[in-house]
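For reference, chains read A, B, C, D, E and F in written order, and residue numbers begin at 1 within each chain.
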Amino acid sequence: MASHTVIDELKRNQILELLEQGKRVDGRSLDEPREVSIETNAIPKANGSARVRLGDTEVVCGVKIQPDRPFPDTGDKGLFICTAELLPLSHPTVETGPPGPEVIELARVVDRGIRESHMIDVSQLVIEKDKSVIGVFADNVVVDYDGNLFDACSYAATAALLSSKSPKWNWVDDAPTLVEGEEVDVPITTIPVSVTMAKIGKHIIVDPNGDEWASMDARITITSDSNGNICALQKGGDDGFTQDEIVQCGEISVRVGAKIREKLKEAQQGGQ
Amino acid sequence: MASHTVIDELKRNQILELLEQGKRVDGRSLDEPREVSIETNAIPKANGSARVRLGDTEVVCGVKIQPDRPFPDTGDKGLFICTAELLPLSHPTVETGPPGPEVIELARVVDRGIRESHMIDVSQLVIEKDKSVIGVFADNVVVDYDGNLFDACSYAATAALLSSKSPKWNWVDDAPTLVEGEEVDVPITTIPVSVTMAKIGKHIIVDPNGDEWASMDARITITSDSNGNICALQKGGDDGFTQDEIVQCGEISVRVGAKIREKLKEAQQGGQ
Amino acid sequence: MASHTVIDELKRNQILELLEQGKRVDGRSLDEPREVSIETNAIPKANGSARVRLGDTEVVCGVKIQPDRPFPDTGDKGLFICTAELLPLSHPTVETGPPGPEVIELARVVDRGIRESHMIDVSQLVIEKDKSVIGVFADNVVVDYDGNLFDACSYAATAALLSSKSPKWNWVDDAPTLVEGEEVDVPITTIPVSVTMAKIGKHIIVDPNGDEWASMDARITITSDSNGNICALQKGGDDGFTQDEIVQCGEISVRVGAKIREKLKEAQQGGQ
Amino acid sequence: MGGREATMVLMDENGKRCDGRTVDEPRRIMIKAGGLKNADGSSYIEFGDNKILVGVFGPRDVHPKHMSDTDTGILRVRYHMEPFSVGERKNPAPSRREIEISKVIKEALEPAVMLEKFPRTAVDVFIEVLQADGGTRCAALTAASVALADAGIPMRDMVAAIAAGKVADTVILDVNNEEDQAGQADMPIGYMPNLEKITLLQLDGVLTPEEYKKCVQVGVDGCKLVYELQKKALNDKYFGNKGD
Amino acid sequence: MGGREATMVLMDENGKRCDGRTVDEPRRIMIKAGGLKNADGSSYIEFGDNKILVGVFGPRDVHPKHMSDTDTGILRVRYHMEPFSVGERKNPAPSRREIEISKVIKEALEPAVMLEKFPRTAVDVFIEVLQADGGTRCAALTAASVALADAGIPMRDMVAAIAAGKVADTVILDVNNEEDQAGQADMPIGYMPNLEKITLLQLDGVLTPEEYKKCVQVGVDGCKLVYELQKKALNDKYFGNKGD
Amino acid sequence: MGGREATMVLMDENGKRCDGRTVDEPRRIMIKAGGLKNADGSSYIEFGDNKILVGVFGPRDVHPKHMSDTDTGILRVRYHMEPFSVGERKNPAPSRREIEISKVIKEALEPAVMLEKFPRTAVDVFIEVLQADGGTRCAALTAASVALADAGIPMRDMVAAIAAGKVADTVILDVNNEEDQAGQADMPIGYMPNLEKITLLQLDGVLTPEEYKKCVQVGVDGCKLVYELQKKALNDKYFGNKGD
């Protein structure tokens, strides 16, 4: 995603010039995310799903809920795992094969944002203590790329989880046994929202699109929960932030996050 | 195996010219397979084995029969797995390392031909339902290459299976336990025979040798069973067949297959 | 580690010239190993550990002792596994990624020397027969390279094992259960010592340093035990030895090994 | 297709199949040309409960160079299933099944694409199965043809695909998931209607020679139906009302 | 950080932490510049119970060539844990966690290193965790800066690192292993004191906006302490008494 | 060689071994030069119950180029076991054992092959173990020498190989599978009789210095026996009656 051609240089100059005037290439204000559109239940056979567009970035997330073995030291907790993959049709530069460091970071940051918010109460996902628990897998696939996959994947996963219904299992004859025809809610405690900001020159902008992403000096992704607290953060990119900028980004993320949380709630209600 | 040099082009022209006159480079008629020679019990320590030559293509197949865990949803059935590998000594162009798409297709087509015929009655390969079953593994290795590995591997695997004797296990103390000194027959229901045909120009030929293989436009492998029914098929290659050709290939495969089935039976009797 | 530049050729000539006069580049006699320094308990959180310098070659070995499943056919024995890895900071030519044949051979030879001496009495490492045993893992990492990793890793692993204390487990409720606060000795039966010799021209030298290693024609690593018996051997390199040389190397290895065994004992006592 | 015992009624006394279709009735098929921003061409298909997205890039340079052909362009196809596309979550690593299907679809498309016009380049077809039902390979091949056309790649014809099969001793069109699991035979067919060539053909399951012949006929007829939907999808995008 | 229940007393009535430290007291930190023979630069750090070795090579040629950049040098960082460095023996294959931390540390070092002076070359930083306690990434980043300086690589500043966090509803400096497991939040910070830039920042765990602000402040202040120890280590090697 | 308890009688009161051989008697050895059509040279050996096929290609070009040596040819050896060659079906992935044996055999062959005559090229030796008994590496090395000669590669000598060992406190020749499992020591030896050089030597198991010396002697003598069979195999193919 990060190449450095003459065109890139010209683009960056143009972006910077506009920023000096307080403007962005696509007309947004600096702290304004792109339009978010959320379609839940896009994959009806999955236990939950969502198709999310953030500007021209598009992500599909499917949730699978199935019995699994607990980790040896946490036999009283279910599993929550969130992944992210860039499909090769999402951009001409994406290559097939095992994920590189960038995609691994993407997946881990999206996973951590949701995990650290304790959105899913994994203590309720136990079929039989130490023997069998419920695993919730939220797999994101990026189908169109235009920057800021962190937020697009995070919204897709969160919307898919909010739309999920879980099958029910009982512990019978030393094995988890499906209870036919029953469905239960996934235990949700909060709605985490990640907000990614880029630093270009001295400017902080919310939700960088593809051209802005290629031009940025550094980035920061901050996730806040329904209480307006901050629960996860990841700085990236080859430059740094001042202490004041870090504090400012925290404030922006809570403010912008609250608006996006409303959209996620609407999608949840709309999907029901 | 597929390279496109000037020599290849000249060879193809020569092959095509002869075909226009109804002749093949090695003197065979169009629907005539090469000489098949079958040596069973070539690997005495295996549970069954065969060394098969089809013209100058040579394959060794060894069968291993051992207890295994059943798949979760088919606890009342044993396992049958057939593989194929091109050894690097079989041809100067073969490379070591993980198998490419061509070898994966080869292995899966050979496996499917035998599996779909229900040659092995896997319902009889159960030691203890849902706990322990018998796995039958037929592993083919190609030691000399001269075209048409599909049929050579299929004949080697079938001959090796026909020559196999299975150890016996009882379910004792929650574990499969070998019954020393007893051997039972592998439950065989039919003898599948695969026949591979190549299309070169407008001509359909049976059992293409190495030069013909490199010159073909498309190929089709059809497996028939002892009842003369068709049980598996795979079209390959970068061109297509007309509907009439497909029907004609079906007829050839049953007719030629019947003759080769007799050779497999002879080898089975000879080996006993 | 093995490159062949003009500099290498000049170095080899210089080494050979000195050897003709019975001398070595660093002033040692032909059957004299470099200074060995052993620091045990370098990694206090491991169950045993050692940091060993052999000249300028440096190795850290950490021992982990934990419950494991036995191999199916040896349910009455614990596990002993010794590995070796070249860290990329140990030399500019070391590459990251899966180990090549040279590192695999190194690890296997070091493992075998200790294993074949029966240093660790694995029959005492059983928690519950056929169900649960104790695994002893000695992992070597090379942090600085100056030739002869075989001996440096062997000494590090042996010293680390001699310094090890094992936790204790009981078999409770079908699971190995740690007995808090109790530690037992690892069952040691002998102290194996490997001695590696290089052949350069017609000369046999003990413990080749980096320059000598790059110049050698062949090498041999011989491990002897506390009784002065020979328990493992590995010849390497692209040339051969005469029968007399092989016998001579056996004698040297026992004699030099005895001296190094004393140092290992001192380190063990010092560490207690 | 391990177990073929009829654990359900695959065909009732009125000749209706388990999902209510008649023997020669395909499932609901919806094809859309285009849809992706970054791909040079794309398509989306819903074929029964299959949901498949295809993106095409090219003709474009080949890296590494020695993989290219100085005489012709090359076609590369990847068939890939999302972890959430099947009943039990799929391991993300490419399976041997996916590798084989990629190869079979590639060879089915080759005769349709005029690769000789673009020597030294590659055309990449990326197939993403979002939700799988029976017959993904036919649905994927059908959608891939549309995506190639949408990318403006010159083609001799389009390949339409659908499976014939045998259920309850009857030859049927368009095998669904239950019929594939519990039925007697499944024969996916890919066909170029204008060139009258079968470019994909597989079979699992036992057929008499007569049934074999009939399956091929039913499959080819089915492909012609699918072909009309492919053309309609391209028409809708390039000439028609895009309302739907 | 799955389980954050306080299964131990993380802070007693006198404001002392589980290892006896006060809220703003770092663990024992010992940094040594140099030490390895073959590396161009190296360092060793003990940070609490962390024991980490860093070796630096470069600037040197890049293979394969197309990975190099004609305009600037490139920085490559590998963070790697030994099998014996953690409680349960670690699988030797690189974990996704190690790959992410390698990337985060690389990006934290980038602004400090004058890579533009060495176009077409690479500087390699190899971090080896011999024994892990809480906060390996901060300890590793701190040591890596010293090793780069020891290798004579021109630098704008050094990056010092330490974690702030929240335990028993109190903001603290330098989260140890128990506090990381059972505490409420962990915020590793990397900071260049001269350039006044935060180049590494992560957070796991819930903070109010006020606590967030305070954590950043506590962390930056801690980095300044660490920075003095980095300078002392280099002084000791290059100008001072090397007696330890 | 984990368990060495004598669970069977390895040597009876008459000095006969478990398979009826005397202490210095090798198993049945049958070597055939040639046999494969496509390989440049090949051989087949039956050594006790070992059945091993070897094919040689070269001297031929090396890809990628930078793996070649401008001063000399390179030798590449792959030792590989078929899945059905051993008691329990072997996983097809190359094991660490196979990688080590490949290296040991390569280094044992190096001094015999005049690689310096073919700079920039490679000679490839592919060893396929169809059925394994004790002593595969010796049988493989013996057969590989014959295949190299059959390929017309110039050689200084051939390497013959066989194992010496210790069983029931007695030094023996040619350790079979049972003796390897339950015996006291196994010492595979590869030897060039004309150049009088030992090029392969390994040992697992405990020997006194005296026994060590004796094992080497017994092994070298055994190699001389094997050498005669190697020459006979080549004679049979190139000059002799090919009837057998």
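Worth pointing out:
To be clear about the criterion, a contact is a pair of C-beta atoms (placed from the backbone, for glycine too) under 8 Å apart; a residue touches a chain by one contact, two chains touch by 3 or more.
Since we're looking at a predicted model, the values are computed, not measured.
Following the contact convention of this document, no chain is adjacent to both chain C and chain D. Traced through touching neighbours, the fewest hops from chain B to chain C number 2.
Taking the mean Cα position of each chain as its centre, B sits at the greatest distance from chain E.
A centroid comparison over C-alpha atoms places A as the chain most distant from chain F. With centres set at the average Cα position, the gap from chain B to chain E is 58 Å.
Between chain B and chain D the centroid-to-centroid distance comes to 27 Å (mean Cα coordinates, whole Å). In whole angstrom, the spacing between the mean C-alpha positions of chain B and chain F is 32. Shown for chain E are the residues in touch with two or more other chains, of which there are none.
Chain contacts: chain C has no residue touching two or more partner chains.
Taken chain by chain, the contacts form a single closed ring in which each chain touches exactly two others.
The assembly's chains link up in one ring whose order, counted from chain C toward chain F, is C, F, B, D, A, E. Per the touch definition, chain D reaches chain B in the complex via residues 1-3, 69, 71, 96-97, 99-100, 102-104, 107, 110-111, 187, 192, 195-209, 212-213, 216-217, 220.
Partner chain B is touched in their complex by these residues of chain F: 36-39, 42, 49, 51, 53-55, 57, 60, 78, 80, 82-85, 87-89, 92, 124, 126, 128, 130-131.
Of all residues in chain B, those touching chain F in their complex are 42-46, 49, 56, 60-64, 66, 83, 85, 87-92, 96, 137, 139, 141, 143-146.
Remark: chain B residues 4, 74, 77, 101-102, 104-105, 107-108, 112, 116-118, 220, 222, 225, 228-243, 246-247, 250-251, 254 touch chain D in the complex.
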